[in-house]
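To keep things simple, chains are lettered A, B, C, D and E as they appear, and every chain counts its residues starting from 1.
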Amino acid sequence: MLAYLARRLLQLVPVLLVASFLVFVAARLTPQDPAVVMAGGRQTSTAVLEAIRAKYHLDESVPSQYLRWMAGALLGDLGESYRLKQGVSAMIAARLPVSLQLIAMSVAIALLAAVPLGILAALRKGSWVDILATSLSLAALSSPVFLTGILGILLFSYTLGWLPALGSGRNFAENLRYLLMPSVALALNMLALSMRMTRSGMIEAMRRPYIQTAILKGLPRRTIVLKHALRNALLPLVTITGLQIGFLLSGTVLVEYTFGLGGLGSLLVNAIQTSDYPVVQGLTLFIVSAFLLINLLVDLLYGIIDPRIRQA
Amino acid sequence: MRKSGSGRALPAAFALACIVLVATLSSCARAAPGASKGGSLSFAITGDIVALDPAQAYDFTTNPVVNEITEGLLRFSPTGELLPNLAEKWESPDPKTYVYHLRKGVKFQDGSAMGADDVVFSLDRIRDPKTASSLAWMYGSVDRIERTDDSTVRISLKTPDAMFRYALATTAGHVISKAYYEAHASNFGKPEGGLLGTGPFKFASWKPGSEIVVERFDGYWDRDKGPFLDRVVFKIIGEDATRVTGLKTGEIDATIKLPVDLLPVVRSIKGAQLVGVEGLSDDWIAFNTRRKPLDDPQVRKAIITAFNVGAVMDGIVKEAGVAAGNQSVGPALWTYEKAAWETFQNTVEKYAYDPARARELLAKSRGAGGFKAKILTDGDAFRVNVAQALQADLAKLGIQLEIEKVGEAELTTRQFSGKRDYDIVMGGWGADFPDPAANIQPFLHSSGMGEGGSDFAVYSNPKVDALIDQQSRSSDDKERAKLLISALQLAAADAPYIFVDHPKIFYAASEKVGGYTMSPIWYWDSIARGMYLKK
Amino acid sequence: MRRRPKAGRAVLLAASSLVALLCLGALLAPAIAPHPPQAIDLRSSFAPPSQDHPLGADKLGRDLLSRLLYGSRSTLLAALLVVASSTLLGTVLGLVSGYAGGLVDAMLSRIFDVLLAFPALLLALLIVASVGRGMANAVIALAVVYVPTIARLVRSLTLVESRLAYVEAAQALGYSSSRIVFVHIAPNVAPVVLVQSTIDFAYSILDLAALSFLGLGVQPPLADWGAMLAEGREYLLFAPSLAVAPGLAIMAAVIAFNLLGDGLQTRFDPGRRGA
Amino acid sequence: MTGGNREGAGRPAIFEARLLEKTFPAGPRDLLGRSAGRLRAVDWVDISVLEAGILGLVGESGCGKSTLARLALRLIERDAGSLSFRGEDIGALDGRGLSRLRRSMQIVFQNPFASFNPRFRVGTVLREVLRVHRLAPGAERERTEGMLARVGLSKELLERYPGELSGGQLQRLGFARALLVEPAFVVCDEPVSALDVSVQAQILNLVAELRESLGIAFLFIAHDLRVVEHISDRVAVMYLGRIVESAGSGELYLSPLHPYTRGLIRAIPSPAGGSSFLRDRASLIRGEASRLLEAPRGCRFRPRCPVAMARCGQEEPGLTGVGPGREVACWLHHS
Amino acid sequence: MSGLLSLRGLRVAFAGEGGAAMAVRGVDLELEGGEGLALVGESGSGKSATAKAILGLHDMSSTAVTGSVRFEGRELLELGEAELRSFRGRGASMVFQDPGTSFNPLLRMGEQVAEAFRSVAGLDRKAAREAALGLFSRLGIRDPVTRYAQYPHEFSGGMLQRMMILLALAGRPRLLVADEPTTALDVTVQAQVLLFLEELKEELGMAVLLVTHDMGIVAETSTRIAVMYAGRIVETGGTAEVLGSPAHPYTEALLEAMPRPGSRGTRLATILGLPPGVYEADSGCPFFPRCRHALASCMDGLPPSVEAGPGRKSACFRTHSLSLRGIA
């Protein structure tokens, strides 16, 4: 297991290196001149522009800038934001909690709703419960995050005044209320997909011979469903969860923007819109690393659930 | 100053008149009945601040925050006159020398006393290219800043500069504690390092992307004027609808910069107050006068004449601005020689909407028979809408106008890059100082053609350049007005720009907020100093 | 007892009709739209629904219904371009990678690994930010983003097919590799690819809308639904239909294609019917 | 056709494999993802098939029979050893040579349902063979119809899709497709194991008939000794990658030498009730074969062998001739 | 005659694409306590569906099971879920074809075995563990404690099938239904498993209904045989008698198609054509189109099952007029 983990981690290195290079080059392809953007726009003198370029090493060649950046990145220093003049690492650290809590709540909402619903729909295949759950999941799967977000604000905050429209709370408990609407908006897609996955996995699992063995043992239906079928049904769900978290990471971009949350997503949008390369680069590298690690964790989790994989 | 519709830079605007729209209640007097000391107020800003640093405070989100913490040597009156602040008085013995006498007993928020060393350090720091301050240009003509004694600072200029006097009332004139800066050299202005000044509120916390909190400074020197609130929380909310919703639900007590179409919504919120002030900004469209066929003034005039600005005012701008009459200097900026400016405004050729004349003009121009061109803009809804209106009008003339919508940063880069890679560009601009020249020199002087310059039309007319240079060296406002008007008259014949309107800026608050009157120059000054919450 | 298959056919029928309706709307837009989509009429700014403007008008007084109809053209066309190009490229790369194996497979797989290390929308965002905004670039970006997913899928299907006896038989009969890959294997992975690309169609509508929402999509005065939604969002509190109508249109289109994907899946993969 | 001695003494070999070896990576992987172990699927195998002869190859699942079939056709490449067809070294053939070889050697697979591209009509599949090899230009239709008749199928099937046919029909089609290029040697990889007994009989009859009328040689692989015995001239028994015994078909069945062969025969349930293992429990082979990652020390059958000796744990016995046309790899029979 | 199990007119139909797929079309079968009966047929003949119907294992949402299944006089088709649960494992139990999929791949083997003891035999957790470990030992598994914590894929197929058999017998059922229990196994392992089953049968005295397609296995294990064709039983009788002199043409054809010692070099008899499809309605004798003894009159309705000798029945119109070949 340890060797497996080490091997998987080792495999990430070239992927991350190439990805970091792509990100770096992509950021440099943009038509914006960071020095001009930083100067804020006004009869800026060439001297000031030159000073800005020197300060941020923009006058060096791209490869040397890349090496400088990577060297820093390895030590945890992702450079300094052009626009906000802060260390990118510190900015990420400061905004991470919001995004983490948002994603965690979304995952929790999605899975807590999806799994029971999926089981129910599978066990009552063809019933009105199934049809309703399947139809709702289709609608949820097809609703853009940003639409649900603004409709939520319009309905629950502006019209009904039930939920806060924006921002985050001062502590975890308060955040539960503040982040409810954003996380639901964010969770819908994952919920729908997970529900479908659970449902089809459950239907598939219930057809397996070992379920007949379990029936033969005279086990109560509850045990058959929860102990024997569910675990097998969850395997495909686990597989897509890594991918789903990728969707969530993308989704935070839209949700945080809509709900005025100071997380990584809104940071990224702002950075892209203002050509703040160091933030775009650093944050993308961070998200990619996080995404790869999450996928690795998901794979490990898969191994924990499925002994066949663990020992292969 | 570059003005952006979506929230980054300031529309610098100065008004003699402040048009006040009051939805329900607006309290101008301080310490009104029912006022109470203390409380926490949440104020929505549209984006995160750049830094807790006056050297970087040059936009609508950073300034309101920084202005609570640090202050300038001078401040502007609501009508644009210079008033004493940290400097008790000042004089200019000759056009190249300014002497400032500092107020005594002013303390920084850590209790240390403010002195001339702090002032010299603060101003020099902004001037230093290494600081890369967006405001450094304000000190472009400064030669030396020196301490004469512990309470006197003397500034010498290389050449006379008619507009230098205003700089010290802006964030470029804000004073920070030298000792504090040196103790926090590595993280000054960042969330960990913070900022220390003499202002009514002291920095408490900054959760990047979410909120910045400032708390009352009890040792504030001007104790009568404030501060009254315990705490101000600046919440960062990019989405306009979210902000207005917050105002309705009570999560937001006050905010600025509301889009025109949401104004009726704000008015419909029970107990909300809404104030709009006429800024001295311009929404402008610049022709690249080096690009064919736009290099022909006849073509430009044809376009202006074909453009139904009146319809744009009625349908798009609505109450959020006043018609510019195709001039960059609006009445609010006639801070001297008002009569002369008024006469000029009434007589100058404006190329008013006249489709028939437009067709004639075009037929006689190098663009006869129509052509294709591109207009560059960012995603700001107002600009996109205006561009589409222009597009529709020009289509009738046989000119195919393509809209190139780019990101805000790209628009900035291309506006200010030396390459001038556009046919027509649309943007916003606001004067930094209460002086007509602030909206003339940047647009028309050929020195702005290069990198970092703001001559968006790539307009070069030696006569215009000479007139502008001449007024800059003069300290006689009457003469300056004459020179500037002459320059504008010459330029009007070349029609390098369309000036659409002078936009307004709106402040909205819940009814319980009192103690603030929005002035046209609000962004160089503290908002929360006098604010209180009614019981 | 015959409920499931019938339900499957009903799903397919419903989905196809919905898709057909959408395409019809897009094709016939010039004939059925009450106004030209870009006709500005500032007097009708925010006009409520009326005889003249069945769904009302936007800020510039343009007819919402007409813009929706025309918007479906750019929305569907862009999604079609994304899906067509990514599917074509992804399928070819996946087939080659899966059948050739060895170094070719290893190299292509590593490239896919890198691209898949980015959350999809994030990569698209990054690409558009670097090559510039606009519909063409958004389409290219999303196509790039979708290629590795399809290629991976096709690769794994190809691996499965390659081990089937009919492929071995073709090898034993001395058929060329390209014949085996493109004549024999390709048609057998096609149904799964078709299902996937239908679902990708739904996703690309959403992703294009997201890019447009962030202002990176089509250029005015053209509007796809995403751009209309982004524009309408500013007027949400007093003219919600300007945002909600394109939003619902997006949803309807996405539902239609998702449903079509489900229906096709059931049809091509009877073993998993009902699942 | 008589059941007499058709072991074909004097007939030349059409196909020979010598010291054939194939391993696959298996077992735990190291940091770089390389597998430490190698599964020895085919381990120094010698076989030869005589002209117009049928060599039966029998063995339990995982013993390497199918790998051997694919090695013979060069559908996968061997690690070591030599292959020859009518004396020509086919191990070294290039693409062109291989293409020529594939008109002489063909294969029929185990699963008839996977043997045909489900997207193509039967006629298309068959005509494609002719077209690719430029056989019978212009007369493709006649040729395919003729071939269908030969394998006992109606020409109406040409317009059908494989999915519409039964397993037996498909397996006949498999033969038809293989025979279109007029091969001299056909490898049958468990062609009847997926079929019901009534259909199995049809295929066995077909193979016998094809050998008889066309003189085609077969390598007939199966796990069912009764089937192999019925169809083959000679039988080779494979155990964990190695041939452990080979002999004339009847001879092997009557007097098996290797303990594995003996156990295999004893384990066959007999409908005639003759040699019931239930009455002779002692002769049963115990345990199950487990895949070999490393070359074993001693005989690979030793763990299950009822008569293992000390020597069996030390050295692995090689295949040794013990009589005319008989070879066995067991220390019991080494003199 | 106090039969253990009695099937009467059993029909099983699945919801299929073309409507109801009739897998079992009226099966009558008797089984005595302690008896070994083999149910033989080719794929698709309905033998497995019949076996599953006895244990009530069909998915009732997509399957219709009608007729009568009486076990010790109780009608099983009328049992409720709870009653069925207590019947399974104690009254009758079942072993499936593929031991590799009969166990839950994600649960430890020991736990799965112990679970059966807890549920069927009513043991507590500790006793169930002991019982499971005992079962491991009985199977000759070395180091049972370690193996207890292993997963199904770490066991060989033969071992799994033997475990499955023991597990099925945990509640001492009177009937064990074994559905092709050795088809997925190698022939040497098959012999071991069949032997194991035989020993248990002797030890416990239960009846075994063995479903298989292999006449050899039938001969080795069962005293009685029932031959199925197209959803019906066409012939029943003592194994030796039926194999020695079949009464139904289908049985005869089946036997003649088998390669056997001495058949080398001869043509095997074949059965031409295909059995009727599951959607096809009955018209005449279902074996009629493939039967080499068929007469035109065989098309007149379904042949009834008639006495064909002592303890023998055959569903052929010509039962008494034919003399068929068997294998000695």
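Everything below uses one rule, namely that a residue touches a chain if its C-beta (ideal position, glycine included) is under 8 Å from a C-beta of that chain, and two chains touch if they have at least 3 such contacts.
Only a predicted model underlies this, so the values are computations on that prediction, with no experimental measurement involved.
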item	value
Chains touching both chain A and chain D, listed by label	C, E
Pair with more cross-chain C-beta pairs in contact, given A-E and D-E	D-E
Identity of the chain that, by mean CA position, is farthest from chain D	B
Chain D and chain E, separation of their C-alpha mean positions in angstrom	31
For chain C paired with chain D, centre-to-centre distance based on mean C-alpha positions, whole Å	49
Approximate Å spacing (C-alpha centroids) for the pair chain B, chain C	44
Euclidean distance of C-alpha centroids - chain A vs chain B, Å	39
Where chain A touches two or more other chains at once, by residue number	30-31, 125-126, 150, 153-154, 158, 257, 272-273
For chain D, residues contacting two or more additional chains	none
Residue numbers of chain C (touch at least two other chains)	3-4, 129, 132, 215, 233, 236-237
Chain A-facing residues of chain B, complex	1-2, 8-9, 47-51, 53, 56, 58-59, 129-130, 132, 134, 136-137, 140, 189-192, 207-211, 235-239, 241-246, 248-249, 251, 406-410, 412-417, 432, 442, 447-448, 450-454
In the complex with chain B, residue positions of chain C that touch it	38-40, 42-43, 45-46, 59-61, 129, 132-134, 215-216, 219-221, 231, 233-238
Chain E - residues contacting chain A, complex	52, 55, 57, 59, 61, 81, 85-86, 88-90, 93-94, 96-98, 101-107, 112, 115-116, 119-120, 151, 153-154, 164, 167-168, 171
Of chain A, residues touching chain C in the complex	14-16, 18-19, 22-23, 26-31, 125-126, 138-139, 141-147, 150-151, 153-154, 158, 199-200, 203-204, 246-247, 249-251, 253-254, 257, 268-269, 272-273, 280, 284, 287-288, 291-292
Chain A-touching residues of chain C, taken from the complex the two chains share	3-4, 7, 110, 113-114, 117-122, 125-127, 129-132, 202, 206, 209-210, 213-215, 229, 233, 236-237, 240, 243-244, 247, 250-251, 254-255, 258-259, 262, 272, 274-275
